[in-house]
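These notes are about the structure you will find just below.
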């Protein structure tokens, strides 16, 4: 039983990190209907920015995280501006292919020797790891940090989305871009803001991921990105609470499969769950059927 | 036996009553109109008949056959074709192909025959293409046959939709606002076309329209809906003077 | 109505074959580039398959590499187990692999094809990953498959002739299918599924047909691949590899056979060509340049290079021919 709870805890830890990445996917999809394949690689850049911040500039963790978030926000906004905005009136698939291109570019560019290099690096932990035990379960301060930071950011996001003018603009543009424009909302900057916000959250997720799983390399964003994306779909793509829910489910499912079934089947089971959910509820757990007007 | 029998048809969308207690009979050879203010549920009735929506309650019979057991494409193959309020053409296909697709239900060659270009395939394709061309001629679109459908002017797109519906070889034709967006002379041409087509192809037609000249001029019988229910039925003259109908369109104070 | 029967167009294709085969025989084209050429044709076949599914029928599938893998592994298993050497039985085994891929596609398609576009993409992506996980672990059941160590010892039975033949076959079958009522049914689904239904088209049936056919093509291509590179590893068939046919189909122009083929051949030769052209110090830049080129092409020509149009010989000559 204790073992099960332990794995549950590990799953939640992973899930919260996925949640921070998944939010970026879901917000961007909600606002421009684009699956931003490059998002997982923005996550990766976030990890590396923090890595350099801590290793070379001896920055404290919080500062490194903030700088990483800022840097990735800028990166996300730039990508949107250069690669996606020009294709807004083009068929959706064109933007998707471009997103794939951006993803590949980020991965391979960052793996060049003069950038991050292709090898695995070790993410530093600028604090003492403390563990303690309670009822047969091991906790560590890493988990506490992850939970606290993630929850703080999630609450902050909810505040932004529901209690600020920009949040209202984001929601309006998600519903109907043209009408929002007619209502005087600056659609371009709203979209930029969304990309920036999502990227910043991914960067935060990256730093937390780096603390927990310190082996980093330029291709590390592929799998977590994919899983976070699946999590967003699982919960209902475009719906923020859905992304959080989906991410926690994915994280826990992955941890439990790894522990109780087999770690090599881990990925297969997670996606199996996704397919089952989609067959029962095609728009995801919290998804609304956007009925087409016939 | 009536061609189309609808009894007690209801459709709810999450508690919103779109159609309620809709009962209707249509006989072979009739040209009937279905009118009512926007949001009255007219298109919903069409969607229910053609199998795009599943009713919450009620029965629909066509030629005695229970339509609720059938899928949308099977209903079409039974002999019901329609056009759409917002024009649903196959936009990136040519005008000719739009019509040819509707012949699909009556195609006799299999995929193997098509792939190997068997003689029966070639013959059938030729026949089908000829028929499609003829339909286009009737609807005054023959020069446009290779043009992409979305490039057509609005009025021609509407005509193309009707031509396409006819290609499906229906006994019952459902037209959803065929005159929408047309100017008076186009409307007159449309009315002539509808009458001609009805006689030529031996059709029964049910028409949704907002343009009163079409309704008054074409329809033998009119059914009026409001808020999902039938509020009046009769000849065009009768419903024109019906106070309930006037109230539905213009509001209580006017009456 | 005079039409040139489509069979006539096989003559230039045959001449092209003779030309290339001649160049190979007289060693103007060395074995390395011959292999690249064969691979480009294999990629064409696979991409044509995705074109059927996505370009023509509008079903967004991100699991194409999985079916490529199913075809590759199953035909390789059959040939290794039966110790085949001759070309005729080889071809039969290729078909067996392709049929298996088609069968799996049918079974998977039954529940999945009712999902709407983006969700279908994700479901097929998920399926693709499950297949990759299976390939990694199936050596516990079938040791010959090699699991994550890879499957080796596959005889090199793929030749330029066989590959070329299958490519031509793939093109002809697809072209004849598309220019028929069945093909039009598929296209109408892409254009407007609801309108298609009301025009009497059984959209479920045709989505399934397109999906099975497309995955059959992928399986066939996979079998050819297995017996060209003679070593299979599950990582060759992971979801990232499903992006390649997607890129090609979009680059070439959705719903254009000519576009798909040109893009497939072009993409393959670009990737290989850069490997040769770039000096060793900046060889790493190869995979940086390629995505940048991709982005630029998409920005400049989002409808794809051929944008839905075809070479004249692939179009139906007279509209009446179909």
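Annotations
Read from first to last, the chains carry the letters A, B and C; within each, the first residue is number 1.
In the analysis below, a residue touches a chain if its C-beta (ideal position, glycine included) is under 8 Å from a C-beta of that chain, and two chains touch if they have at least 3 such contacts.
These numbers were taken from a predicted model, which means no experiment stands behind them.
Taking each chain's centre as the mean of its C-alpha atoms, the one that lies farthest from the centre of chain B is A.
Of the two interfaces, A-C and A-B, the higher number of touching C-beta pairs belongs to A-C. Of all chains shown, the one whose average CA position lies nearest the global CA mean is C. Inter-chain centre distance (chain B to chain C, centres taken as mean C-alpha positions): 41 Å. Rounded to a whole number, the gap between the C-alpha centres of chain A and chain C is 32 angstrom.
Mean C-alpha position of chain A lies 48 Å from that of chain B.
Residue positions of chain B with contacts to 2 or more other chains are 52, 84.
Each of the following residues of chain C touches two or more other chains: 194.
Touching two or more other chains at once are residues 294 of chain A. Within the complex formed with chain B, the residues of chain A that make contact are 291, 293-294.
The touching residues of chain C, when paired with chain B in their complex, are 1, 5-6, 173, 176-177, 180-185, 187-188, 191-192, 194-203, 209, 308, 319-322.
Of all the residues in chain C, the ones that touch chain A in their complex are 111-112, 114-116, 118-119, 121-123, 125-127, 129-130, 133-134, 136-137, 194, 239-240, 243, 246-247, 250-251, 254, 284-285, 287-288, 290-292, 294-295, 298-299, 302-303. Put simply, chain B touches chain A in their complex at residues 13, 43, 47, 52-53, 84, 86.
Put simply, chain A touches chain C in their complex at residues 35, 83, 86-87, 90-91, 93-95, 97-98, 100-105, 108-109, 111-113, 222, 226, 229-230, 233, 237, 264-265, 267-268, 271-272, 274-275, 278-279, 282-283, 292, 294.
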